[in-house]
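Step one of this worksheet: look at the structure below.
Each chain gets a letter, A, B, C and D, in the order it is written, and its residues are counted from 1.
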Amino acid sequence: MTSIQVAVVGSGTASPELARLAGEVGRLLAERGCVLVCGGLGGVMEASARGAKEAGGITIGVLPGESRVEANRWIDHAVATGIGHARNLAVVASGDAVIAVGGEWGTASEVAFARKLGRPVVLLGHGPAIDGEGIHRAETAAEAVELAVSLVGA
Amino acid sequence: MTSIQVAVVGSGTASPELARLAGEVGRLLAERGCVLVCGGLGGVMEASARGAKEAGGITIGVLPGESRVEANRWIDHAVATGIGHARNLAVVASGDAVIAVGGEWGTASEVAFARKLGRPVVLLGHGPAIDGEGIHRAETAAEAVELAVSLVGA
Amino acid sequence: MTSIQVAVVGSGTASPELARLAGEVGRLLAERGCVLVCGGLGGVMEASARGAKEAGGITIGVLPGESRVEANRWIDHAVATGIGHARNLAVVASGDAVIAVGGEWGTASEVAFARKLGRPVVLLGHGPAIDGEGIHRAETAAEAVELAVSLVGA
Amino acid sequence: MTSIQVAVVGSGTASPELARLAGEVGRLLAERGCVLVCGGLGGVMEASARGAKEAGGITIGVLPGESRVEANRWIDHAVATGIGHARNLAVVASGDAVIAVGGEWGTASEVAFARKLGRPVVLLGHGPAIDGEGIHRAETAAEAVELAVSLVGA
């Protein structure tokens, strides 16, 4: 088996504060040798991928469209699914754990699918109002990454 | 354009109380001439479809698998999507409004997708802990149906 | 179990000759009491749905987009899948048999998926160059419908 | 933009001859610095991924199921789509060109989708009977890789 893959999810547009958090999550995941999986577009997806790449990590983008060209520039390997929002399932199914940085309805669908599939979820920042067993909250990027990695396979 | 289509979502296994509520929702939708769309399997899906059929309504089942044979017996027209949980997107995209009767993570993903697509959502019974703009709560099946229909196109 | 469902597939734009063939296929399916499933858009999809409706049949449209409004006016019940071309799998999985009227690459993907799932396929008109076990050719709409229905469950 | 990605498609079980061809295709793609994308399972998918890895290449597996554990051992990065055969669209959409090594109906659906999306296709070995503009035939693995790479962006 390969490295741990962690899915980082969040909105396609991000406030400076969420972008900073997402970048830090990406960096910390890379420093631990985790592969970052995300939706491949802008906002939190781009900020987290950038953080990972700047720390020498590997990034996978699971895109909604039919072409790799829509991937942000920090994506190493892009999978163009062609299935629109249904690719949210693929993003979280591809993570051993999921970290949500802020986010709205799309992110909520990813959190719900992650839990449906039994993946642990960590919420960071002000995101969707969704709760239940297996959903954890973190106050800092470091805490989120620590928690996510510790929950893999737990 | 055809009749109003309302998606009824909820767990594949249902307590007697949720089954009763789902059946009543189905019946009331049929009495109003709405077409019921659901996931086509058991539990809340089956109870709501049964309620609709017993009141002379029309039922559409949007199945996760590759064959119509998995549809419950109250489904008039089954679409076998073959895409697993990703069919949750198709269920709610096909409703002009969505009523969730109880439910767990799968239902939460449907509520989130419904809101992503701008569909009004009404929650009935004890279901997923998800909230936000456009999510309404009803105390009775009658209230849920009334609310859902009134919100279509609103 | 409900009526036989037959999927009619073909291009989104149709020559007058293919539109005529598709309309006749739709009409003959309706006269036999079969429900017509198609991709819900224009061209062969629309012509076949129109033929079915004019003969009093029932039509299901399995759309690629996220909204029912893109369905052609002859669709009774539309399922908006939101998964783009991947909905081609759902179209043919929902048919007990598949009739292709002309068509190009999208149609070829539907023929291939139909055979992958074991559905019998009948080709009518000048369509994709795809062949193999379980693919039959018909010269007329009547022959295509006769063949498709006879092959269901065979 | 990142390296060229080439999708290699074919059956989940492979004869020794097709496995040899697939392995050689994988090796030659890796030697050219191309990233190999495949369906991540056995047969041609596994043989091509093994060939790429043994030559130091990078391999992406786009799986039909909901978990990375089903990926063969030569996959570096696995995306679990959860959408069954509909993931065939994602496999070819993620390639800048597509090489089919043998194959049956699943492969035919990938060839058709590839052409629908405008991707060049090269067929190698005895595979599906599908033909049309943009589908090329090669006699050897070297010829297939040469042709595929030359057609990217052409």
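Keep this in mind: a residue touches a chain if its C-beta (ideal position, glycine included) is under 8 Å from a C-beta of that chain, and two chains touch if they have at least 3 such contacts.
Predicted model, so just to flag it, every value in this text is computed and none were measured.
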Contact-richer chain pair (by C-beta pairs counted) among A-C and A-D: A-D
Same or different residue numbers at the subunit B/subunit D copy interface, by half rule: same
Where subunit A and subunit D are represented by their mean Cα positions, the distance between them in whole Å: 27
Centre-to-centre distance between subunit C and subunit A (centres being mean Cα positions), rounded to whole Å: 39
Of all residues in subunit A, the ones touching two or more other chains: 66, 82-86, 89, 117
Complex interface listing, subunit B residues touching subunit D: 66, 82-86
Residues of subunit D touching subunit C in the complex: 83-86, 89, 104-106, 108-109, 111-113, 115-117, 128-132
Touching residues on subunit D, where the partner in the complex is subunit A: 1-2, 5, 35, 37, 58, 60, 62, 66-69, 75-83, 86-87, 89-90, 93-94, 96, 117
